[in-house]
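Order as written gives the chain letters A, B, C and D; numbering starts at 1 within each chain.
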Amino acid sequence: MNSIVLNIALPLLVAFLLPLIHASSRIAARITGPLVLMVMMWSAVIVFKALEYPVSIALGGFLPPVGVSFHLDQLALLMATIIPLLMLLLWPYQYEQNLREQTVLLLLAAASSGLALSGDLFNIYVFYELISVASFGLAAANRQASSFAAAFRYLLISGLGTVLALTGIALIYTQTGTLNLAQLGLLSSRLDNPLGLSAFALILLGIGVKAEIFPLNGWVAEVYSTASTRTSALLAGLVSKLAVLAIVRILVVAYDDSEAGLMLLVFGVLGIIWGEFSAWRAQDLKRMFAYSSIGQLGMILLAFSIPGEAGMFAGIAMMLHHLVVKPALFLLTEKWNHGTDSLRGAARLSPLAAALFVLFALSLIGVPPLPGFWAKMLLMSGLVGMDTSVYYIALAVLMIATVVEAQYLIRIAVTLYSASDRSSELRLASNTGVMSLFAVVLLSALLTLTPLGSKLYHIAAESSNRALYIRTTFNVNPTPVLEHKNATQEASL
Amino acid sequence: MRNLTALLFSGGLAFLLMVIAWQFTLGDAPMLIGAAILDNAVKEVGAANLVTSVVLGYRGIDTLGEIAILFTAATATSMVLGSFAMTDEASETEQREDGSILGSSVRLFFPLLLTLGLYIIVHGHLTPGGGFQGGVILAGAFFLPLLAIPGRSINHGGIALVEGFSGAAFILIGLTALFSGQAFLQPLFEHGVIGHLFSAGSLPLLYIAVGLKVGAELSGLLANLAGISSHAAEAEK
Amino acid sequence: MIWLVALMVFIMLLAAVSMLLVESQVSAVALSAAVSLALSILFVILQAPDVAMTEAVVGSGLSAIILALTLNRIHRFKQTTTAETENDA
Amino acid sequence: MNPIEMNPVALQWLLYFGAMGLIVIGIAGVVLHQNIFRMVLALAIAEAGGNLLLVIAGFRFGAVAPILQDDALQTLNTSNMVDPVPQAMVLTSIVIGVGIQALALALIIRIHQRYGTLNMREVHACMMVDINKSAAVDDLLSAQQPRGRRPLPSPPESTAKRANNE
């Protein structure tokens, strides 16, 4: 179990040494990055397989809550496996002068793994900052004037978020005197007051910058339309999910009351409205997908705002669905980067890309057989199950947003398949290979829906179990998850 | 829209701060992990400076993350300013006047700052200061001559060497503990006599690694921002 | 002692506000260094010598240097370009 | 200096006031100021406020710095020390702050070279022009348009001597 720290140590080590490796042998430098990612994936899978019940590991050998601890449960390890996998798919293989970009990508991989595993408030903040700085670098890596400006605005908004999150952490520390999430869970009564809630709001806003949360998402469209498509795919697909995951961990463990969840709901609904309507008005694909990802992230936040297993299940399902679909859609914009009108008749020139677009779009809308439908279904049934007027309003907003989403995505699909009136110079979207891989993942999820669903439910039950989290960290009687099902229900009552 | 968002945002923020100010309980905040660390740090880590035992012992992973952030920032900065540091401002070297008095005083300062920085780093586990503070001073020591003496250029290869190996040393010390059956980043060796230079196990080694890393990182960063030509970048082409 | 704290807080906030309002960029940099300096004195009073040292070295040393370097570079760039446009005209 | 002689309530209010003041001034500066260089400075101020708040969180009246020196090295008495954890956190956050600041300044240098301005509104307008150009979308139809006033005329590239983009 301890070997999972390799997922952080190894990419950092290689990133530090990559300039030296490059100086001695260029070929070695080129293959090192993918090799490290493969090792990371392998190590995560091994631990994932060996894991029967959640485990907490103490870094530096200091037992929690005094030292920093990592919390290894199925959700964390699932993310730790997905991170190197997605990065391998989006790795810049063919570019020549990309040593620094590769270094930054490795650092991003290390930070992402750390964020997924960490069980300590300030440690989460540090890894989050590392992710931030790495993504500023990636956003500016294009070296266009506009990407510098976009990266700078991104940095400023992120910097504001940093200050807010730091203030929130300081407030929590003033109230409880601890940073360990599990101990915060034990002391959650001290956080159940306006001060504690405002601390959560500050952290939500601060970390929410990466999760494209409503008032702090001005950077999204700018960065995604100036950075390279790979970077956009990584930021929208991976980094935003990790930020959501960090927020959800804090929410589930330390804030076991409805007010903090309601906060998530409000920001989620605002994000849905703003994102989907902006996407509806967008005139080119990149910005359309950028805004639509704000809306999708709002839906994910909305899902996680439902307390208990139902919300966690819906949230994880939507998160994974978005994680597969959005990077694929962004890869599509690499060649189709002009206004939507110029896409007229593109289906004839590149039928595969157009077909894949239709597949992903239908799944994103939630057309029945596709995985996206089941994810949205879970969210809706979760909202209905809450049986409160606020959640019904959220449901109504979700319905309207789905209609809007369907309208603009189908508009694009129709444009793609309509007859072109001029000879367009559009070619095949260059990354259909990687995109097809995403499509295979999506379709295989469809085929294995039942086992996948029960597995995800298991994961959700485990990670929404606050008592289990606390017990794991303090290492009292680690027992298999299944026996705790009753305990979960008691805790949620 | 933008103004509206800004207004909403600042309104919410003001409300939050009002709530915070209204709710603050005056008096002593609870101290849980702090108290536990104060009780145990001397026998668990053995550093006279308890902040150091937190920075490198109890929360060593945060420090690793932090040097990684600095490294990322330096890498991203060179990615942004990068290989054409000179092409935009070709005439800069001539613009710098030959300040001989300045130059000689800088030459005098260089060993002084170097010693000071190293002293602060090595005594990080005993007195206030440590790898970061000393590293910043080291960076200053290496950067001032660049600024004052015309024609001096920075050795980027050397910087890459130092920053690579010092960062790797930090992680390798941590991994040594892991592979010898302990936890990642667990302090190694005997504690020694508290308050002595050779005490606190592997903490001084870690702080030396941090100091060198920070120093190398920051001198590269400063040189980059000042627009001093980089051999490494040209070699990379 | 409390007067020292009050004075430092006052200086700090005053410098911060005037940093935003002052016209010249160079004075803004100097004022931000002053904020750091006052802050590091506060840290000493708060029994945090490590933090005080870092804030002094980083905030009013390193940070001021990189800000000044940036200003210098922007300024130099502006001068060369204006000279060129004059030549063109 | 003897901390006991301080008036605790007044001192604490003063310090909270100072920390909150720095945060508010900093955030106001970032949100309201138009000069991008000044925005970076304001961000540093706000970060400093957050750091001060953290250090206050660890402060105890009558306690000493968490460093064993001189006499304390013999007795090893650590009971009357301030909390070392927030101090370690602040060390980390100061260094993070300076890293981000350096990156921001590098971006400012580039933005100034390409767009020839330090005004956020102009930078934003130039950027939108560039984005729309690369997306081949008509400016007026753009989804970004209602965000602000009409984009400024094309960026002063001629004076900015666009760096060669190999």
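The definition used in the following text is that contacts are C-beta pairs under 8 Å (C-beta built on N, C-alpha and C of every residue); 3 or more make two chains touch, one makes a residue touch a chain.
Computed from a prediction, not measured in an experiment: that's the story for all the values here.
Participant: Quick one: point me to the chain whose Cα centre is farthest from that of chain B.
Facilitator: A
Participant: Decide which interface, B-D or A-B, involves more C-beta pairs in contact, and give its chain pair.
Facilitator: More contacting C-beta pairs are found at A-B.
Participant: For chain A and chain B, what's the span in angstrom between their mean Cα positions?
Facilitator: The separation of the two C-alpha centroids amounts to 30 Å.
Participant: Find the geometric centre of each of chain B and chain D from their Cα atoms only, then give the gap between the two centres in Å, rounded to an integer.
Facilitator: 18
Participant: What whole-Å value do you get for the distance between chain A and chain D if each is reduced to the mean of its CA atoms?
Facilitator: For chain A versus chain D, the centre distance works out to 25 Å.
Participant: Give, as an integer number of Å, the spacing between the C-alpha centres of chain D and chain C.
Facilitator: A distance of 12 Å separates the two centres.
Participant: Would you give the residues of chain B that are in contact with at least 2 other chains, written as numbers and ranges?
Facilitator: Residue numbers touching two or more other chains: 2, 9, 20, 24, 29, 31, 33-35, 37, 49, 51, 58-59, 62, 65-66, 69, 72-73, 76, 80, 88, 128, 132, 221, 225.
Participant: Out of chain A, which residues touch more than one other chain, so two or more?
Facilitator: 122, 126, 129, 133, 136-137, 140, 143, 148, 151, 171, 173-174, 177, 179
Participant: Mind pulling the residue numbers of chain D that touch at least two other chains?
Facilitator: Touching at least two other chains: 23, 26-28, 31, 40, 51, 56-58, 65-67, 81, 83, 85-87, 89, 91-92, 94-96, 98-100, 102-103, 105, 107-110, 113, 161.
Participant: Following the definition at the start, I'd like every touching pair of chains, please.
Facilitator: All touching pairs, sorted by chain label, are A-B, A-D, B-C, B-D, C-D.
Participant: What does chain D use to touch chain C in their complex?
Facilitator: My answer: residues 1-3, 5-7, 10-11, 14-15, 17-18, 21-22, 25-26, 28-29, 33, 37-38, 40-42, 44-45, 48, 51-52, 55-56, 58-59, 63-67, 81-82, 87, 90-91, 94-95, 98, 101-102, 105, 108-109, 112-113, 116, 118, 159-161.
Participant: Could you please specify the touching residues of chain B with respect to chain C in the complex?
Facilitator: For this pair, the touching residues of chain B are 49, 51-52, 88-89, 91-92, 95, 128-130, 132-133, 136-137, 139-140, 143, 218, 221-222, 225-227.
Participant: Looking at the complex, which residues from chain C come into contact with chain B?
Facilitator: Within the complex, chain C contacts chain B at residues 49-50, 52-54, 57-58, 61-62, 65-66, 69-70, 72-73, 76-77, 80.
Participant: Which residues of chain B touch chain D in their complex?
Facilitator: Touch list, chain B to chain D: 1-2, 6, 9-10, 13, 17, 20-21, 24, 26-29, 31, 33-35, 37-39, 41-42, 48-51, 53-55, 58-59, 62-63, 65-66, 69-70, 72-74, 76-77, 80-81, 84, 87-88, 127-128, 132, 194-195, 214, 221, 224-225.
Participant: Hey, which residues of chain D end up touching chain A in the complex?
Facilitator: 23, 26-27, 30-31, 36, 39-40, 43, 46-47, 49-51, 53-54, 56-58, 83, 85-86, 89, 92-93, 96, 99-100, 103-104, 107-108, 110-111, 114-115, 123-124, 126-127, 130-131, 134-138, 141-144, 155, 162, 165
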